[in-house]
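Pasting the structures here.
Across the two complexes that follow, subunit A remains constant while its partner is subunit B and subsequently subunit C.
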Partner chain A sequence: MLNLKVNFQMKWYEGLLWAVEIGLVAFGLWALVDTLMISCSKAAWRFLLLFLIWALPGAAVLVFFRPGRNAQDNA
Partner chain B sequence: MTDPTRPRMRWYTLLWVLLLSLFIPLGILLATTALAEHEFRAVAVSLGATLLIIGLILLLLALSRRGALESLYARRGLKAGLAVTALFTASLVIPSEASLPRKDIRRFTTGTQAYDASTQPGNEIFTQIEKKQASSDKDVMTFSIFDVCVGKVSHRVSRDGEVSPNRVEVINPGILTQKLKADAKALGADVVGITELDPRFVFQKDNEGNPVRLKHRYAIVLGKGLDYKLSHPTAPLPWQSLYSSIPEEVAAVLSGRQVQTATQIPEETLNEYRETLEFFSDGGRTAVELASLIRSYGYPARAHFGRWSEVQVVPLAIMAGLGELGKNGMLVNPAFGPRGSFPIVTTDLPLIPDRQVDLGIQEFCRACAKCADACPPRAVPQGDPALVNGLLRWQVDGTKCFSYIKTNPKCMACVGACPYNKKDYFVHRLAVTAIARKSRVMNWLMLRLDNLLGYGARSVRVGQEARKTLVRVPQ
Partner chain C sequence: MKHNKKLLMAILWSAMGASLILFVATRFNVYAFLSIFVTAALALAWWGMNFPITETARRNTHLGVVGFWTLIFGLLFGPFPVPKKPQYVVGEVHRFSEMEHGWGRMYSGALGPQIANHGRVYTDPEEVNGIGGARGKSPSFVTGYPLARALFGGASALDGYRGVEKHGGEPAAPVKYPWVNYESEARGTKLGWNKGDMLLPEVAKQLGYEKARYTPEENSLMVKGIGKWLGSMDVAIAEVDPRWFYSHDFITKGTPLPLEEVKELKYAIQLFVDQDWTRVHNDPGNSWWSVAKSGQAYSTSAWQAVRLAAMLRDMGYVARVGFGGINYDSVESPISVYSGKGEYGRLSDAVVPSAGGLRFKSASVLTNFPLKAGDPDQGYGITRMCANCDRCARACPVSSIAMGEPTVENGVNMWQVDKDKCVRFRAGNLGGNCCNECLRVCPYNKPDTLFHRLGNYMIAHSPVAPYLFGSVRGVGLEDWLDFDYSSEAGHVKNRPARWVQENPGFKMQFPYYVGNYIYTEEDRSTAEAWAAGEGAKMGKVGLTYKGVEWGKIEPRLLDANGRSRNVHHDFEKGALPAELPLPGKTISKEEAQALLDSGQAFAGGSNHTDANVFPPRSPKYERGVLTYKEAAKKWKEEK
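On to the complex of A and B.
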């Protein structure tokens, strides 16, 4: 029997950052598809790249920084 | 710490994972390319295949972690699969298709010096000319049926002109050739090739029956690709029942002579006609402007295009390295396939000629017959090429083609169906390069892939539907 147990916890500002990151990637994918639909292949890939670059600093924060114990207690 | 009880991944499993991973970027690239071409079946197939490959990789990894690939059968199966894949890959790149002999235009063709352009099939409809006297006595404006359709004056009047008395001294023809090619592209050409003007390809008479006097040394061949979205048959609906009357109505509406038509012609159909006709008209403009530029350097130059050509376009374009002659009688260019228009400028300006190229296109045509299957009046031959004018080639029945085009000016079934008819994207360039290997297996694979992805399917379908109509409607 499949037994799924998902358990995660995050601060509200972490959630916000996740939302921003997901939004940026989604925008990038949308720009890719939309620009491909007007047959501008090069521009499409550059749009995706642009959004991915914008998403990079946030991704770095998510990967390398965690809220410290103090922040966890205070927030 | 690694778990000592967990089986280690074997080298051949790892190789399989790496091999399959190579197809993921390829699948994504193909899907995005197909999306840019609005080929939605190809998008679905390539995305589906990519997901399948990702699934396979995950399955392999999961099985390997569980030790399910440790049995003798599994190990032998994986190794044998690798060996078969290696053999298959080798067969894709090892040339196994015999090169078509007698491809070299210079060596084998017997030429068409005695060719009288006024006898070309279709001349009677394409040069129904209306001449109008313009303000200047010399300036006789000439309209062809196409020009009437798009409301444009033919560029014919400017094909040749006065040469500047101040001749530019050419010190380095190589640099001049590069500059001229760049100029031609700036004027609208997509590809440019240069060849010596072989007198065997100069007509004896032009399409009005006047003797041709042309002694230029070089021919600059300018290639322009029609927009991909237009390169399929446009059938003015409901063409099944009103076959022969609709094209005239389209022409009348495009020329502005008629606003209301007896049959409602869809706006999309009108636009497709307009854009296609403008494209062919525009090729003439590029040639006329380039010829005028060369004359300003003090060298004679004359533009040739469409029915206003005094030279045979296809052999000169082949000699200039712009492609090969396909089964459909069109010049197939690696960048835009058979949907090209090739205006030419002949001149005495010293230039460096290009060389004929061998891209394995004719060898691919041996394996493929999509154009012949799609052609409504069966003007494109099936089977192997025959010896024509000293060259091995397929001879399209021009009379059959033009008698059909009279009723449907934008047929293009043989263009739309062709696997080379793609947008000039990286993934298609890869395919063209692969086909140039002249491997039978590669040609077979590419053709199957083209059919699976649904490229050209619309043209084949419309062409075959039109063929049924031809049987019903007496010609």
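On to the complex of A and C.
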């Protein structure tokens, strides 16, 4: 029997930023679908791109801004 | 190595700083705006990948980003109060003559013979003898193809039902001008909605009772329910300001419309019919289908209003109908504005968010059925949005929409469209028929989805959104997103606009007598020299504004002098006669005065001096500064 154990830990402020990031992407997807539905394909993809660009700084912080990962390099 | 990393770090942050500086220096360029986010992300990522990060730094950057977006979210979606609607009336307001509006002037010949004969220049001899010839007329830009003829014909066919003389129990027979109200046998006997006096179930639910009591509030809910049932996108109800009534009628070429005869009409019910997103999106003024959109919405709204009015008359009330193209008794846009459904936009028409912005045509029922009007002060932030968005002004092929700030005309402070230029292009568009560029590009013109409603909410409430979407003093996201592109129809190209011009040096001769009306020097078009080709560039050819470049006219469409020939581009068979007939004639000043003094002819426009208005203006409503509320209150008390 497969025994899967998922260990997931998140600090409260990380949770907040995840919520913001998910919110931005979700908004972008909503904009994409809504705008595709009204036959404005160019605007639809640009809308999604806009939200993805807006989400970039937060994503960079979530993924790369961690203690320890560069300690050996920069010590 | 470490040095290089630091150097790149500095470069990335500098790039972000430069994007920020560029953003301000370029007056909020959208790419500089996007670049701020991209460079910030790169700098943060590089920092995190190459330099030691403490737990505190991680927390603080997280909270920094979260704080930034919380602030933006609050600024965009916070329930900020909607900006107050402007006080439009700032001076003496005169009634508008229907002969004075663009179509009145064009059809009557006051703008010149070439445009008055737009039908002739619009087609080739075969067509003249074909579709229009059968009716003894050249097909015009309206009647030039079967669908448009069917749709506009559908509206005209209803003229007899607007509220005139009774005919077999129905108000059917139009009089010379139907400025009298239908009097039914049952007048005085008020009938209810139905035998049981039962309300529409949703109205009953809203009010908490089922049997009608005929209070104004209840009546309004019922009229709105029925109006929407008939197919109206929304229903506006306003108390009538008598200055909305035209002073002179167009269909009968200038018959005066005395206020005394319409004192019973205290309320206006306005119905909105969609010109349809797909058609507006896919058919600009050069699609050759364009004018049918107006015909569709005019005839449908006419039909709705005629039926609503018939019901009110049967209930024992007076009900008159106004519908388009030219069968109105009153100006429509103030009804939309003062019913609390919209605001005057840059186009100078009412922008009504619940009806696709500018994408509707409306019809109205004027009645004495007691109603509760909407809040005239209700705003939507449209004026603030229009101040930051000039998409319609940029799109207009003949620059008839004002850039810049509102101005005062006829005592009303609002953006003023150059109606003569607009109508000359719409009637004389040589590369299509009519036009709808302004309403097509308006950000309010979207299908009514939840997403679009959220956008409208933001524009109404947020102090930031108009700067984000508008480009006058903002980022211009609406431009960048490019809703103009239709995946069904491709891209609408900026085109060299070409329109029917008057002969070089043309100057209209006044007084000009047509039907019952005399146009005087005060009616001279301010766009007359332009109409005769002076300074006219046939649209915006060669001009560039905010990245929009207007193309060149093909040489084959130019005459020996480099001017666009006044012919439809399919018309290759020769020139038009140099002189085209006008529907009216020029007379002497003495003749004009005698006709006016004896009451055989009439004159007047909102811009005329008092001495040149026949019959004279109402001293009660057209003297001094009277706000909408003051005028409507006086009118309501009028017996």
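Just so it is clear, the second predicted complex is superposed on the first by the 66 of 75 C-alpha atoms of A that agree within 3 Å, B and C clash if a C-alpha of one lies under 4 Å from a C-alpha of the other, contacts with A are read in each partner's own complex, and residues count from 1 in each chain.
One rule holds for everything that comes next: a contact is a pair of C-beta atoms (placed from the backbone, for glycine too) under 8 Å apart; a residue touches a chain by one contact, two chains touch by 3 or more.
Computed from a predicted structure; not experimentally measured.
Trainee: Who does A:F64 touch here: subunit B (first), subunit C (second), both, or neither?
Mentor: Second partner only.
Trainee: Could you tell me if A:L50 is touching subunit B, subunit C, both of them or neither one (first, second, both, neither)?
Mentor: Touch status of A:L50: second partner only.
Trainee: With the two complexes superposed on chain A, say which partner A:S39 touches: subunit B (first), subunit C (second), both, or neither.
Mentor: Both partners, subunit B and subunit C.
Trainee: On subunit A, which partner's contacts cover more residues, subunit B's or subunit C's?
Mentor: C
Trainee: Which residues form the common part of the subunit A surface touched by subunit B and by subunit C?
Mentor: Shared contact residues on subunit A (touching subunit B in one complex, subunit C in the other): 36-37, 39-41.
Trainee: Which stretch or stretches of subunit A touch subunit C in the complex?
Mentor: 11, 13-14, 16-17, 20, 23-24, 30-31, 34-43, 46-47, 50, 53-54, 56-71, 73-75
Trainee: In the complex formed with subunit B, which residues of subunit A make contact?
Mentor: 32-33, 36-37, 39-41, 44-45
Trainee: Enumerate the contact residues on subunit C facing subunit A in the complex.
Mentor: Going through subunit C, the ones touching subunit A are 2, 34, 37-38, 40-42, 44-55, 57-59, 61-63, 65-66, 69-70, 277-278, 281, 446-447, 449-452, 477, 480-483, 485-488.
Trainee: What residues of subunit B sit close enough to touch subunit A in their complex?
Mentor: 32-33, 35-38, 228, 423, 425
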